[in-house]
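These are the structures in question, set out in turn.
Both complexes shown next keep chain A, but they swap its partner, so chain B is in the first and chain C is in the second.
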Partner chain A sequence: MVTYAVELENVSKHYGSYEVLKDITLRIRKGEFFSILGPSGSGKTTIIKIIAGLVSPDRGCVKFNGEDCTNKPPYKRNIGMVFQDLALFPHLNVYENVAYGLRIRKVDEGEIREKVFKYLELVNLDPKIYAKRRINQLSGGQQQRVAIARALITEPSVLLLDEPLGALDFKVRQHMAMELKRIQKTVETTFIYVTHDQSEALTLSDRIAVINSGKIEQIGTPQEIYEKPATKFVASFIGEMNFISARVENGEVFSEIGRVRVKKLNGSREFLISIRPEKVRINDSAENSFEAVVEEVNYLGSHLLLKLRVGNAYLKALTPSSVRIKEAEKVVAGWNSEDAILLEA
Partner chain B sequence: MKLSLPAIAYLAVFFYLPFAIVVAYGFGYPEFTLKHFFEIFNPIYAQFFLNSFIIAAITTLLCLLIAYPVAYYIAVKSKKWKNTLLILIILPFWISFLLRTYALMAILSKFDLLFTFTAVIIGMVYDYLPFMILPLYASLEKLKVSVIEASYTLGAKPLETFYKVMVPLSKPGMVAGCLLVFVPALGEFVVPTMLGGVSITTLGTLTWDLFIKYHNWWRGSALSVFYMIIVVAAILYYIKRVGRLEI
Partner chain C sequence: MKDNFSVFLASLGAFLVAFLIIPIAVTVSTQLFDLNALIKALNDEVVLNSLFNSIFTSTVATLISLVFGVPLGYVLARKNFKGKNFIQAVVDIPVTIPHSVVGIMLLFAYSEAILDNYLGIIAAMLFVSASFTVNSARDGFMSVNEKIEYVARTLGASKVRVFFTISLPLALHSIFTGAIMSWARAISEVGAILIVAYYPKTAQVLVMDYFNNYGLSASRPIAVILILISLVIFVTLRRVAVVKGGGSI
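Presenting the complex of A and B:
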């Protein structure tokens, strides 16, 4: 039997009459970079706080390495956490912030010093320069690194990260995301990463749980989530997606832009055909082809994002920018049935 | 500048001038001598100093213990509740201090506590509590809940978190609150007199007796000046502290 680093079983939580989490079940493997992805207010921070023990669930249980820890306080859970606002101790310098968890564990001074230096080096902060600095003398990215070192120094079984990059500038943010990946590979600890940024989740994660309004929409690898979204929410939240409503009549499929061929029907009479913009073929042979008018051309550098009108519907299409297309041009747009995903309407 | 003249004149007539007279008497007006300052260190007055110190110290300690949880509770509440709760804390200020002390006399006599040491402490804590709650609240309000949570996730139990995180971060508020309570409590006159009666003698009652009962303005003045020096020293210490703690 596989033991998981963290398991949530049928966890529910409500604040007043507001249901934040509805029957959440998650199994996070050891050493995995697992992301919880959802829009703000979806309940993702509540999930991570329940794992940390900072919030207790109304129903359900939380297990660490197979052991029920639902009623264990956070200080007995052997976790590390990087907070949204970092929550560094403003009265302590860098060294003492990082050393905190070891001081609590009454580790001897020599070992503390050795480990503080080791973990500061792990997060790429030169201890000789930064150990004595005050927290408010550091940049946002440096504070981030201190928070990660502080959370990892106790060698927790799992590191929880609650949108830690939210406050950083775009460039620093991208760089820190890559740093996180590197650090995770080095320490091989289970990382649980909460974010609303789909591109961050796709690049960093081994697996992603997409959550919306307190419910899990889908759990899977980045490829699965992107290429085989299970619900309309997942399809629209991650990347761009075209939705065409369709229905089945006498074994044939009629969509809002005309008759189409689909790969296989899932039994429901009404559904959505979803096609990624990069799967829309322009002036190229495709199983389903329609005449279209180019309404907008957005230059993205390597690609063009086109807005096409097909009858009364619109399609977004992504095409290499080497293809010369102008507004108001008439084109043929289409897709192959294997590139379309059928979703419940 | 001109508009501030009435206030300056008012203070000059009712505070600086009388205080100058007190200082003059303290130095033996119309002579000049330091003997009155030596007189107040007479062993027979030691009990007064000691009583004042004990009352002020107990009051400060009790206020700190009672105020801390209250201040923290208000600090973590939502904005709407904060204002309501803060108004409830300062509500007693809207009623005359004397009136409240008279009311307290009536209550304490019901419990046979009037004119006891306990009565004085109850009255002092009641009067000074808001002065402890408000600065503590101001400090605790800046403390982020996530910092406390971070301490928990790093393995610190609630009590360790309190000593290692909350106490250092709320120190400016604790120092301010303790000074705001201890210094005036040391010179308090009304509460010990009204609730303690003749049995409780303090620096305040001693000053009153020296001026009014014994007409010894010189000794009374020397005592007042000495007390004033303690107050100023405490305030300077606080400013230095606060400067270092960067609030």
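Presenting the complex of A and C:
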């Protein structure tokens, strides 16, 4: 039987009359980099606070390694936590920030020193240079590293990260994201990562839970989430997507842009055909082809993002920028049925 | 470029600064031309006892306000509960009540227990000064990012440990500032003390006494000593607060 690092079973939470979480069930494997992805206000931070024990669920239970810990206080859960604003202790220097968890556990000074140095090195901060520095003498990226070292030094079974890269500028954020992945692989600790940034979640995660309005929409690997979204919300939240309304009549499928072929009907009479812009073929053979007019051409460097008018509908298409296409040009746009995803209307 | 508007604002502010500093400067400088009276007052046992009484009672009142006011400040900063606004109003009310009325209220409430003794002086001082400590402690705790406390708890610290190792050290600067203001307010209190505890005499009551019985000149030496002692202690404590807090207050 698989023992999970963290399990949430039918967890619900209200703030006043507002239901923040609705019957959430999650199972996170040991050593997994698991992301909780959703827009602002979707309830993802509440989930992480419930896992940490900082907020109690109204219903349901939280298990660590199979043990029910719903009513355990945070300091007995063996977790680490990193917030977006890092929440470093401003009155302590780098060394004392990192050492805090060990001092609480009354670890002897020699071991504290050894571990502080080890974890500062793990996060690529030279202890000889940074240990005695005050927090306000560090850059955003360096503060991030201190927060991670501080959270990991107690060797928690789970590290909770609540939008930890949100306060960093773009370049540093990209670099720190890769650093997080490296650190997670090194320590093999379960990372639970809350973010609203789909590209971060896709890049870093082993699995992702997409949450919307307090409900889990889909759990899967980044590939599954991107290539086989389970709902319209997931399809639209993760990357770009074209949606075409369609209905079944006499065994044939009619969409708002004409008759189309689909791979497999899902039983619904009315549904949405979803196609990623990169799956739309321009002037190339495809099972479903339509004449289209190029309304907009947006240059993205390696690719062009086209806005195409097909009848009264619009499609977005991504094509290599080496292809020369101009606005108002007539093209043939299409897709193969295997590249389309059918979703509930 | 000359900033005329700032000059205008500074001029208005300068008026108030001058208004505040002139009485202190005139009183102290006038007394310096009559050093004999000052030296005589410093050798007067009644004066020395009254000064001791003032400093001792105001310090005790401040310590009491710290012991009970800091926890109250933490609760007001961190917890939402029914009646919180009422409690906050209760803390602020003493500032709005005339001090002679404070004395009468204290006598009605605690009667003989506080009449003409140290307890009475301390009670009067505590009543008029505690709000400074409570409000500063509350503001200090409110300025501590709650997530810092969360992190400490996830690192294995109990709520008590988080309070003493994180919240309290980070709010200490505000608490210390509030305590200084409480002490300053306590040592300047006269009205309530006159009604509750005329004896043992504090320096501020003695100044009043000398003024009523012997006139302005007789009360001035004690007033000057009280001004100088208060200023020295006040400035020293503020300097300590600045150094500890790493900023200005």
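Just so it is clear, the second predicted complex is superposed on the first by the 345 of 345 C-alpha atoms of A that agree within 3 Å, B and C clash if a C-alpha of one lies under 4 Å from a C-alpha of the other, contacts with A are read in each partner's own complex, and residues count from 1 in each chain.
Following the convention adopted for this analysis, contacts are C-beta pairs under 8 Å (C-beta built on N, C-alpha and C of every residue); 3 or more make two chains touch, one makes a residue touch a chain.
As the structure is a computational prediction, the values presented were derived from the model and not from experiment.
Chemist: For the combined arrangement obtained by superposing on chain A, do chain B and chain C clash, or do they fit?
Modeler: clash
Chemist: Quick one: is A:Met81 in contact with chain B, with chain C, with both, or with neither? Answer first, second, both or neither.
Modeler: In the superposed model, A:Met81 contacts both chain B and chain C.
Chemist: Thinking of the overlay built on chain A, is A:Lys263 touched by chain B (first), by chain C (second), by both, or by neither?
Modeler: A:Lys263 contacts neither chain B nor chain C.
Chemist: Applying the touch criterion given at the start, work out whether A:Lys132 contacts chain B, chain C, both or neither, answering first, second, both or neither.
Modeler: In the superposed model, A:Lys132 contacts neither chain B nor chain C.
Chemist: Taking the superposition as given, does A:Ala52 touch the first partner, chain B, the second, chain C, both, or neither?
Modeler: So A:Ala52 meets both chain B and chain C here.
Chemist: On the A-aligned overlay, A:Lys228 touches which partner chain: chain B = first, chain C = second, or both, or neither?
Modeler: Neither partner.
Chemist: Let me test your reading of the model: by the given contact rule, A:Arg182 touches which partner, first (chain B), second (chain C), both or neither?
Modeler: In the superposed model, A:Arg182 contacts neither chain B nor chain C.
Chemist: Let me check the overlay on chain A: which residues of chain A are in contact with chain B and also with chain C?
Modeler: In chain A, residues 52-54, 73-75, 77, 79-81, 83, 85, 87-91, 100-101, 104-105, 150-151, 154, 160 are touched by chain B and also by chain C.
Chemist: Which part of chain C faces chain A closely enough to touch in the complex?
Modeler: Touching chain A: residues 145, 147-148, 150-158, 161, 165-166, 169-170 of chain C.
Chemist: Along chain A, where are the residues that touch chain C in the complex?
Modeler: Touch list, chain A to chain C: 52-54, 73-75, 77, 79-83, 85, 87-91, 100-101, 104-105, 150-151, 154, 156, 160.
Chemist: Give every residue of chain B touching chain A within the complex, in rising order.
Modeler: So the residues of chain B in touch with chain A come to 144, 146-147, 149-157, 160, 164-165, 168-169.
Chemist: Which of the residues in chain A end up touching chain B in this complex?
Modeler: Of all residues in chain A, those touching chain B are 52-54, 73-75, 77-81, 83-85, 87-91, 100-101, 104-105, 150-151, 154, 160.
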